[in-house]
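Scrolling down, you'll hit the structures one after another.
Note that chain A is present in both complexes that follow, paired respectively with chain B and with chain C.
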Partner chain A sequence: MTSRQTAIPYLLILPSLVLAAAIIFWPVGSLIEIATNDVNRFGQLKGWNDFANFSALFANADFISALWRTGLWTVLVVGGALLVSVPVALILNEDFYGRDIARVILMLPWAVSLTMTAVVWRWSLNGESGMLNSALMGLGIISENVQWLASGDLAFAMQVLIGILVTVPFTTTIFLGGLSSIPQDLYEASALEGASRLQQFRHITLPLLKPFINIALVLNTIYVFNSFPIIWVTTQGGPANSTDILVTHLYKLGFRIGKLGEASAVSLIMLAILLVFTIIYVRLAMKEREA
Partner chain B sequence: MKSRFLKTILTAGLSLAALTSVALAGTVRVTVAEYSAKTGPYFAEAEKAFEAANPGVDIQIEVVPWDVLLQKLTTDIGAGSNADLSIIGTRWLIDFVKQDVAEPLDQFITPEFKDRFIETFLSPSVMDGKTYGLPIAASARAMYYNKELFEKAGITEPPKTWDELKAAAEKISALGGGVYGYGLQGKEIETDVYYYYAMWSQGVEILDKDGKSGLGSDGAIAAAKIYKELIDKKLTQPGVTSFSREDVQNLFKQGKIGMMITAPFLSNQIKEEAPNLKYGVAAIPAGPSGARGTYGVTDSIIMFKNSQNKEEAWKFLDYLFTTDMRAKFTQGEGFLPVNKEEAKMDYYVNNADLKAFTDLLPSARFAPVIPGWEEVAQKTSDALQKIYLGDVEPDVALKATAEEINGILQK
Partner chain C sequence: MSKLKRSIIAWALLSPLVVLSLFPFAVMFITAVKPQAEVLNPTWWPSEIRWQNFIDMWTVTNFGRALFNSLYTSLIATIGAILISIPAAYALSRFRFRGRGAFNQFLLISQMLSPIVLVVGLFRLIAALGLVDNVPTVGVIYMAFNIAFTVWMLQSYFATIPKDLEEAAWMEGASRGQTLIKVFLPLVTPAIAVTAIFTFINAWNEFVIALTLLRRQESYTLPIQVFSLVAGRYTVEWHHVMAATLVATIPVAILFAWLQRYLVRGLSLGAVK
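So, the complex of A and B:
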C-alpha cells in the first residue's frame, strides 16, 4: 500500500518529465556536442577539438565586453523595471476613477510583440525623421536633432529604457496579484495604532510583497538576460559591437560568420550563468524562509 | 491512458518522418529569397505554368525573407532537410562548394544554354572550372543625385571625381534646412561596401595580388580620410553610424540628401513612393588616377547534391532562364539583365537609369571568393564605424584590421 502511494507521484509527473527531457535535455546534449567539436558552417561535426571553441571565445575581446555588458543590461533593466513597477502597482491597487482603463493602458505594451515594439522604437529614434526628435524639437527642449542610435553609449541607454518599458507590464501584474493578497484589516489595525502611510508601506506592504518581488526578479532576469529583439532591431549590437550582449554576439557568430562551434559555446556559457544565478537565488530565498 | 500516450508519441513521430520524406518522385522543392512583394507571386506563377506544361512534376516553392535565408539554409543543411534548389548569395557559394553540398551543373549545361548569359554575371558562379550556380539576380551600384538640390546649389552636372563630389556636397549642405550633400551609410549590411567605392577609386583592391588585405595600404587610408573629412565638415547626414542603406535611401526619397550610391532598385522605389522626385543616375566618382569601381552582386540558384530529382529540377531551371521569364523577374524586382537576349529589349535599351549601371559593369568588382568572407566584411565594417565615430584614427584602425583579416585568411 505505502509503496504504491510513493510510486504514484512519480508516475504522474512522468509524462511531463519525458516531455521536458525531449525538449530540454536533447537540445542541450547536442549543444554540448557541437560546442566541443570542430564544426563546419552547416553544423556537420568534424571531430573533438580540445575546447578550442571556448578558448577562442575568451581570447576574443568582443566576447568579453559582451559578457560584461550582458550583466549591466540585466541589472539595469531588471532593477529599473522593479523600481518603476512597485509604485505603479501601488497606484493601480488604489480605487480611483478610470482605474480599469489605466490598467489596460499599462498592459498594452505587453500585448504587442517585442519585435514590433523594437521596430517602432527604431523608427522613433531615427535621427533625421524620428518622432522623438520632432516631439522634443516641438516642445523646445532640443534645438538640434539628437542622433540616438549613432554612438554606443547613448544607444545602449535608450535600449535599457525600452527594455524597462516592456518589462514593467509583466512585473506590475505580478505585484498587483501580490497586493490583492494582503488582507485589508492589517492596514486598518495599523492605522488605528497611528501608523503613517510610509510606515505601513515599510512594515506591512513590502514584507508581504517580498515573495512576489523574488519571483519577478528571477523570471525577469531570465527573460532579460536572453532578450534578443530590442538590441538586434535597433542597432544589431553596433556601432562596432559596442551594444552587443551575449545573445546578439551569439547570433552574429553563428549565423553571420558561420562559427557554429563558438556560438554553441556561448549559449552553453549563458545557460551556465543562468543556472548558477537561479540556484544561488533559490538557495537564498529558501534560507530566508526557514529562518 | 499510458498506451494512448505512447500512441500519440508514436503517431507524432511517424508524421514527422512522413514530413521529411515527402520527396516523392517528381517533387522539386525550391527555396527562394523574397526580394520584394513581387517575388512570391512571380514564383507562384512560374510554378503553375511549369506544372501545366510538365504533368507529373510537383514544384514546391518556399519563399524566405532575405535576412534569414542563410540561417535557414544552415539549419536545413545541418538537418539534411534542404530543398532541391535554392537561391543563395553568390559570395556564400564557396562555403557550399567546400562542404560539398552543391552539385556541379556542367552535366546539364549545353553550349546553347551557356550562351544565354552575359559572361560577367555567370563567371562568379564558376569555381575550379565548374559551374555551380546560375545568376538569378544581378545588380551593380551607381550614384543617384537629386536634380532639384543640384539646381538650387548651382551645380550643373554630377561630380566625376571625389574632389568634385566634396565641392558639390559643400554647396548642397550650405543650403541648410536639414539638407545634406552626401548620404553616407554607416550601419548594417554593406557598410564595408559603401567605403570600397572610395577605396577602389584610389586603386586599392580588397585583396591584393598576394591575397592579403588591402586595408592597410596608403590608398585605403586616404579613402577613409575622404569619408572622415566629409563627416567632420558636416557634408553628410549627422550620425552616420545609425543609418543603414535603407535609412539613407529613405533620406534620398525625402529629398534630404544630394547624392548617394546604391542599387538599381532605388529607381523602382522612387517611382512608387516618391514619383515627384527629380533625380539622375551617374557614374561612381573616380579617384586622382581615374580609377573607379562599382560593386557587382549576383545571387545564384544552386542545386543540392542530395537532391533526388535532379532531372526535373534542371528542367525547372531551364524554364526559369528563358528570356520571357527572366524579363518578367528582372523588371519586377529592378535588377540588371543577365540574359543577352533580354538585355536587347527596349525596356533596358531606352532606360537612362539602367544605362548608368550597365556602363559601370566593366569596372565592377564582385565579393572575393574566399572562405570567411562574411567575417572579413564584419571586421571591416566594425573598423569603419570606429573611424566614422572618431574613436580611432583611420590609419590605426585600418592597419590593425588588415592584420586581423590576414589572420582570418590564413586559416
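So, the complex of A and C:
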C-alpha cells in the first residue's frame, strides 16, 4: 500500500474529528479552567484557588440535596420505566388485534420533544384550572382541585411519573428487539416437556432478555441523569429549590446567580459520574459482543 | 386461548398506558380549540370548537419567526452532520486503519457529553467568538452534537452493503471515487434519509443550547418561544400556547412514530461496533 492510500481513512474522518473536538472537547478544557480558578460573573479568571469552588459546593445544602435528588430521580425513573416496559414488551410481542395501532400509540410520548411534553403537563397539572383536575373531577375521583405542583414532594412525584412515561417507549423498543431474537423452538420444546408459561418466562425469556435489560439500564441512566427539560419547564426546580436535580442546580448557578466557578465544578462532578456509566456500558456491550 | 380473547386481555392490560400516552394530545387539542373564557374554567369539553384560535396564535405567539428559526437551525445541523458523517462512516466500514478503535471511543465519549453538562464552557466559547444570539451558530453546535449518532447510524447500514458490487466496479476500471458516487451512495440513500430525519428531529427538539445562546425573541426557536410564553408569566394564554405546541409537535411526532423502529440500531449498536 502506498502512503497516499494509508492516508485516505484519516482524511475521511478528519472533518468529524475536528468539529466534534472544537465544539465538544474545547468546552471541557474550559470547564476545568473555570472550575479551578476564582472567576467573576463575566467569566474572567482571577487565579488558581485550591479547589475552593468544589469545597463551596459541598458546604452548600442545596447542592447536597440536589445530588441526592438526582440519585433518587435516576433510580425511580429508570427503575419505573424498566418495571413498566418488560410487561408492555411481552404483551406487544403477542399476536393480537390492533397490535400495530397499540405500538404506534405507545411510541407517541417518545415522539414529542421533552420541552413540549413538559409544557403540556405544566398546564395539565395547573392547580386552578388544569385539565387533569377537571378530568379527575369529571370522573368523580376527586372533589376539589389538587395543587399538583405547589409542594415539592408532590411536584417531584409528578415529574418522576412524566419521566417514566417518556422513557417507556425507548425501553420497550429495545426489549422488543430482544424478544424477537429469542428462537421460537425453545418455547415449543419446553411446552412439550410440560413447562408452564411462568416457568418459560423465568427460565427462557428473562435470561435471554438480560443483555438487553442491561443495555437499556445503562443508556437510560445516562439519559435520565442528564435530563433537564422536564424539571426546568414544570417547576424550574422550585418551589424553593425543592425539586432541583444537578442539571437544574448547575443551570441556576451558572446563568441565574452567576457563580460560574461552582457551576463548572458541578459539570466536572457530573462528567466524572457519566464517565463511570460509560465505562460500564462499554464493558456490557463488549461482553454481549463476545457472547 | 382464542385471538379475540387474547386481544381483549392485551388491550385491557395496556389501557392505562394508552390513556396516559394519549392524554397530552387530548389536552393540547381540547385546550387549543376552546374559547378563551372557557380555558380557565375547569370543564373538560369545550362548548364550541374555535379553529380561529390557530390563526390568532400565529400572530400572538410570533410563531412564524420561531418556525423559521427552528427550520434554519435544524437544516444546518442535518445537512452539515450528514455531509461530515458520510466519509467518516465510510472509512469505519470499509477501511482497517490504526486508530479506528480510538476514533470509535472518541465518538462514544462525545455522545456521552451532553449539552447541559457542557453548557457553561460552551457559552464561554461562543461568547469569546462573539456569536451569542446568532441563529446559524446554534445550528453548527447541533451539528457537532449529532455527529456521533449520525456516524454510528450510517456505519451500521454501510456495513450491511456487500463489498462485491464495489469490487466489480473497480475490476471494470472505475476509480474509488467514481465507485463511491455511482455505486455505493445510491445503495445507501434510504439509510442516509432515515438518519437525516432523526438528526432533524433531534435538532428540532433541542432545548438547553437554544435557551442559553439565543437571547432576543427574534432569534428564538420553537421550544424556546413556547417556553417563553409559559415561564415567569402571571397570566398565560394557554389556548394559544397549546395551539402552538400542537402545530409544532404533530408533523414531527408523525414522522417519528413512523420511523422509530429504525432508530434503535443507531442508539444501541454504536458502542458495540
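Here is the rule we use: the second predicted complex is superposed on the first by the 251 of 291 C-alpha atoms of A that agree within 3 Å, B and C clash if a C-alpha of one lies under 4 Å from a C-alpha of the other, contacts with A are read in each partner's own complex, and residues count from 1 in each chain.
To be clear about the criterion, a contact is a pair of C-beta atoms (placed from the backbone, for glycine too) under 8 Å apart; a residue touches a chain by one contact, two chains touch by 3 or more.
Here the structure is a predicted model, which is why all the values come from computation and not from measurement.
Annotation for chain A, partner touching more residues between chain B and chain C: C. Of the two partner chains, chain B is the only one that A:L149 touches; chain C does not reach it.
Judged by the touch definition given at the top, the superposed model places A:F255 against both chain B and chain C. Of the two partner chains, both chain B and chain C are touched by A:G43. Of the two partner chains placed around the shared chain by superposition, neither chain B nor chain C is touched by A:A52. In the superposed pair of complexes, A:E128 makes contact with chain B and with chain C alike. In the superposition on chain A, contact is made by A:N241 with chain B only, not with chain C. Legend: residue contacts after superposition of the two complexes on their common chain; A:S264 is shown touching chain C, with no touch to chain B.
Contacts of A:N226 after superposition on the shared chain: chain C is touched, whereas chain B is not. With both structures placed on the common chain, the touch criterion links A:I213 to neither chain B nor chain C. Chain A residues 15, 43, 126, 128-129, 145, 236, 254-255, 260 lie at the interface with chain B in one structure and with chain C in the other.
Within the complex formed with chain A, the chain B residues making contact are 5, 70-71, 74-75, 77-79, 95, 99, 101, 178, 186-188, 237-243, 247, 250-251, 254, 256, 372, 374-375, 378, 381-383, 385-386, 388-389, 391. Here chain C touches chain A in the complex through residues 3-4, 6-7, 10-11, 13-14, 17-18, 20-28, 30-31, 39-44, 84-85, 87-88, 90-92, 95, 97, 99-100, 103, 105-110, 112-114, 116-125, 127, 140-141, 143-145, 147-148, 151, 204-205, 207-208, 212, 223, 226-227, 230-231, 236, 238, 241-242, 245, 248-249, 252-254, 256-257, 260-261, 263-264, 267-268, 271-272, going by the rule given at the top. Chain A makes touch with chain B in their complex at residues 15, 40-44, 125-129, 145, 147-151, 155, 235-236, 238-241, 252, 254-258, 260. By the touch criterion stated above, chain A contacts chain C in their complex at residues 6, 8-13, 15-17, 19-20, 22-31, 34, 43, 84, 87-88, 91, 94-99, 102, 104-117, 119-124, 126, 128-131, 133-135, 137-138, 145, 165, 168-170, 173-174, 177, 215, 219, 222, 226, 228-229, 232-233, 236, 247, 250-251, 254-255, 260, 263-264, 267, 270-271, 274-275, 277-278, 281-282, 285-286, 288-289.
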